[in-house]
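Take a look at these structures.
Paired with chain B in one complex and with chain C in the other, chain A is shared by the two complexes that follow.
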Partner chain A sequence: MAIPGWKRHDMTALPLKKLEAWRYTDLTPLAEINFSEAGLGVAPAALPDLGLPRAVFINGRYSHASTLPMPEFSPVHETGDLPLAQINAESAQAGLTIDVPDGVDAGAILLVSHASGEAPFAVHLRHRIHLGRGASLTIIDIAKGDGLYWHNPVMDIRLEAGAKLAHYRLQDESRAAFGLATIRAHIEAGAAYEHFSAIIGARLSRTEIHATLMGEEAAAHLNAVQLLNREQHGDFTTVVAHRAPCCASRQTVKSVLSGLARGVFQGRIEVDRIAQKTDGYQMSQALLLSEHAEMDIKPELKIYADDVKCSHGATIGALDEDQVFYLRSRGIPEAQARALLIRAFLDDALSAVRHVQARALFEAAIDTWWVSQ
Partner chain B sequence: MSASMQELASAKYQYGFTTDILMEEFPRGLSEDIVRLISAKKSEPAWMLEWRLKAYRLWLRMEEPDWAHISHPPIDYNDLYYYAAPAREQPKSLDDVDPELLRTYEKLGIPLNERAALAGVAVDAVFDSVSVATTFRETLSKSGVIFCPLSEAVREYPELVRKYLGSVVPMHDNYFAALNSAVFSDGSFVYIPKGVRCPMELSTYFRINARNTGQFERTLIIADDEASVSYLEGCTAPMRDENQLHAAVVELVALDSAKIKYSTVQNWYPGDADGRGGIYNFVTKRGACRGRDSKISWTQVETGSAITWKYPSCVLLGEGSVGEFYSVALTNNHQQADTGTKMIHIGRNTTSTIISKGISAGKSDNTYRGLVKILASASGARNFTQCDSLLIGNECGAHTVPYIESRNASAKVEHEATTSKIAEDQLFYCRSRGLSQEDAVGLIVNGFCKDVLKELPMEFAVEAQKLLSVSLEGSVG
Partner chain C sequence: MLEIKNLHARIGDKEILKGVNLTVPDGEIHAIMGPNGAGKSTLSYVLSGRDGYEVTQGEVFYNSQDVLALAPEDRAAAGIFLAFQYPVELPGVGNANFLRTAVNAVRRKRGEAEMDAVAFLKVARAAIKNLSMKEDFLKRNVNVGFSGGEKKRNEMLQMALLQPGLAILDETDSGLDIDALKIVADGVNALRSARFAALVITHYQRLLDYIVPDVVHVLVGGRIIRSGSAALALELEAHGYTGLEAA
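Let's look at the complex of A and B:
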């Protein structure tokens, strides 16, 4: 079945490496593939189910495995200037649309995107999340799949004053896939966007988050762990724009790289002239477990207000052999000692995930990754 | 702003005078003929002219870089004079130097006259396009040190110049380096032979005087095995309404166990309070630690120029080599600075340290841009970076753009950066002890920069501290 409105991708619209924002991630391998339309796909036997209301997209279409009613999908009017969001806008036919009314606590929901098929295909979902004043919601967002595909979701988030959104994302795409996710959050006064990403899958991935703090005392917490091996390339890019006074942003990003993997973190904090009393903090740390792994970090501060407190830190190194030795001298086998130290390393980022089921999901994913090493 | 402070602010650039002496200038504009003229003027050998022409043709095909956080009206490269020199014959000794020129340097506080020289500093003074005087040459030559204008070195030591010129900053490196390679008119050449510790500090003083003139000096310093040298550089220019271009290249080569310390106090005319005039300072500075355990240390205090575009870098090739970068960059009024460093770790056990302090005041923009790159071959490499920014007033900008790339698991890289303003309690403390607002800010800023200032040679450190306070005048209160 052909998707109505399907058109061939204009690969010349892809961002090139010579763009400063794309200097560490080269989409040439993606541009060389001729993506066809997605087949129907089959829902795997074991879809994630945390006993929560869920929305399931199989190969970009809303699946009857969902327990949430099928959302209305209105055409996309893309006004931003991000190339991937532009491409998404031209092709998106579905996505989660949620509107939580003022003052309502909508609890937690599960968003599952699954892709599988024979020939290379592309999936462009457009999710829209709106939380009214004082509303709250938790989204556990899982992306999985098999085979070679290109998942290019865009999530547009709007949080009215005092709203709280917790967004926990497990990117566990097929190891042959390209996973390029764009998340844009518009955060009004006193509202908070809490994000955590576990980036484990995909041959090449980029998670790009633009959080804009529009009202006083708005907050954005963008945390992530990247666990990459073999020839995986993972890119976590954030832009936090402080556009109002007294806002806070916190970021902790931890990367563990083995094999020939390459990790990227780019994090920009922008502080407008009006955004006095900004409190911005960012920490990015990477562990290189193998000789050929590579990490590139570009933390960036762009500051136009004087009464601010902004800082960032970055470290890249190997696992501390003294610490391994310490644990071994206390009778802990080497493999277990290393596992323990890596879990401890990741904990700073993971501890921000307070939702019990989400936390358990991430811990299981990390353990599975470690065992596969 | 009070009247007295206005006075201070306008009086702050004390090097803004001009010197009226007869100048010899080439026609405006840039062409192969101008390149040939410069080369002929310097009586250069054919290989040097070929080298220049190659660079010129390369430059014609290159584009001006646009990635820095700066903005300026387009530079008309055909509206500049590429060569200007005092019209007298090349002086044989200090006695031949135009007394007007000597007075100029005296006003600038530069000890050209050997009798009055500060103990232990040899000076090469570059006035617009040429080197006008080099002091203490005899003392230096006794220990085998060569310290002379580059144009002279091309004639006298061609084998050394040919071997090293362009080996650290190749002519195709960037737009401004290519331009410099084509039209550089003079600069300093230093060679420290094996095992020699340079008996005194060497210094170059750059002065742009002529109107509409670009200054393109080129400095080449080579420290042979186990040699060491400390080199100081200072710069000033008259106050003029137009912008003047300065595109210099500095190349440092350190062989086995050699040490080079390069200190700069950059005080080119920054333009007036409304951003009119000032120097466009597009400079390529790079050092290569080629030998084992060699060390190159850059220290810079950047207070001048309307635009600063400058990234003194170290290529750490030799095993165990060390690169250092200590920087204070202060911008006020409409100044724009985009400055930082690159540390390229290639050899095993190489280490680098970066300490950068940026201060923005007025309506200025101040960017730290730096790269730390650990290649796969650099096992055991180590880097520590600290970038702090201070904002004074809410019309300025402070930006930090570090690039950190590691391809070796045994390397350790640490980076930290902070941005803040002067704490009210610190100010209050100083004020309550009777300091004026300006003195208090000056004191706190000097404290903020202490880690860098202490790396400067003594005479420079004193000058730099004064310069910081002076440059901030008019920005507080």
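Let's look at the complex of A and C:
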């Protein structure tokens, strides 16, 4: 069954490594694959539920497993200059569209994207989230699948003054898949975007977030944990633009890498001349569990205001063997001791996840990751 | 009973223990004194199985088990407990979670039923009270931001909960105020029984006023050069180690 409007991908439009923003992530393996259109796909027997209203996309199509009404989908007019968003714009046929009216607390919803199929295929979802003044919403966003596919979702977020969006994302794509997610958040005065990503799946992934703080006292929290093993490549790239005074941004990124895994964190903070009293904090820490794992960290501060507080830091290290021994000397088996210390390492990023169900989801994903080691 | 026979151990190329012989029968408490760098902590680490020490000669048995063949966690399950000279901080690990994980790991290995959170909390609270510790210690991260004395008390809390058959206290008295010293001594004395033995490493005779040892050993240069009754500690306090080394 052909999807109307489906076009063969123009792989020459992919960003290349020679672009500064793509220095550490090479999309050549993706460019070499001939992606065809997605088949209908099958909903897995157990879709994440959590007892919340949910929107489910199977191979890029809205599924009847959803409990939220099917959103209207209007054509995409891409105005940005991000190559992946442009590719997405050419192919996107569906996505979650949510508009929370002023002052409404819309509670929490679950957004599931599942992909499965035989031949390599691509899924380009375009989600649009708009929260009116003082509105609030929590989105628990889960990306999963089986087989070789390319998931290239774009989420555009607009938060009017005083709105609060908590966005918890579990990237648990198939280990053969490419997961390239682009999130753009436009945040007005007093509004807050809180993002947490657990990056666990995909052969190659990039989660790229652009948060623009447009009004006074707007806030963005962009936290992530990356757990990668074997030959996985995971990239968490953020650009926070402080375009108004008295805004705050906070980032805690923790990466745990084993095997031949490679992790990337690029964090750019731009502070405009008018953005006085900016409060920016960024911390990236990596734990390497094997001598072959690699982490690249690139913080970048571009500050044009003079009265700002911006700090950033980065550490890369191994598990502390004295700590491992201390635990073992108390009877805790070695594997459990290491798991406990890795969980402890992730703690300051995870503790930012206040939502109980989201937190439990991440805890379970981390446990499963550890057990699969 | 702990039996150490002709134990030689080295770190890298450096031999630290040069033939330690020591037997601690059940029911007894032995003190080890000796100058800085003598190898006291090294002995305690070799007994508890820390990496980085190579045993080149000798053997260690605890209740007829070959200790050196066991992983550290199995030594703990067998009943060996080391109170560290420098307890390790574990940021991100809650003390209560740590203690319960340890207690249950040991119980599992000993074939006992695990304790649920509620049962554990009851036991832990009682132990905390005995040690005159504040209850918020359970909520804090393991040893993080604890004062020197608080860390030592936390070691004693772990000992009380793990109920070892052999406790090795490596300078647990260093950095303790007088009240805390008594509390630690009470903690050790409370475990005293026909099935409990302890090796108390200390620089100060004062602790031995409260934990009266059956035997005092003097470790110098990686060997036990003298053993004697509690009175030996008084002698050391008065004259130091210099005269002994020649002996």
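FYI, the second predicted complex is superposed on the first by the 373 of 373 C-alpha atoms of A that agree within 3 Å, B and C clash if a C-alpha of one lies under 4 Å from a C-alpha of the other, contacts with A are read in each partner's own complex, and residues count from 1 in each chain.
Everything below uses one rule, namely that a residue touches a chain if its C-beta (ideal position, glycine included) is under 8 Å from a C-beta of that chain, and two chains touch if they have at least 3 such contacts.
Everything numeric in this text was worked out from a predicted model, so none of it was measured.
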Query: Clash or fit: chain B and chain C on chain A?
result: fit
Query: Does the superposition put A:328 against chain B (first), chain C (second), both, or neither?
result: second
Message: If we overlay the two complexes on their shared chain A, which of chain B and chain C does A:306 touch? Say first, second, both or neither.
response: first
Query: More chain A residues touched by chain B or by chain C?
result: B
Message: Between chain B and chain C, what opening angle does the Cα centre of chain A see in the overlaid model, nearest 10 degrees?
response: 80
Message: Quick check for you: in the superposed arrangement, does A:78 touch first (chain B), second (chain C), both or neither?
response: neither
Message: Quick check for you: in the superposed arrangement, does A:295 touch first (chain B), second (chain C), both or neither?
response: first
Task: Answer with first, second, both or neither: which of chain B and chain C does A:314 touch in the superposed model?
output: first
Message: Tell me the contact category for A:347 with respect to chain B and chain C: first, second, both or neither.
response: second
Message: Per the contact definition in the header, classify A:99: touching chain B only (first), chain C only (second), both, or neither.
response: neither
- line: After superposing the two complexes, the shortest C-alpha distance between chain B and chain C, in Å, is 16
Statement: Residues on chain A touched by both chain B and chain C none
- prompt: Can you list the residues on chain A that touch chain C in the complex?
  reply: 320-323, 325-334, 336-337, 340-341, 343-348
Task: Sort out for me which residues of chain A touch chain B in the complex.
output: 20, 273, 276, 286, 288-318
Chain A-facing residues of chain C, complex: 48-51, 71-73, 75-77, 81-82, 84, 87-88, 90-93, 98, 101-103, 105-106, 109, 158, 162
- prompt: In their complex, what parts of chain B are in touch with chain A?
  reply: 67, 374, 376, 389, 391-421
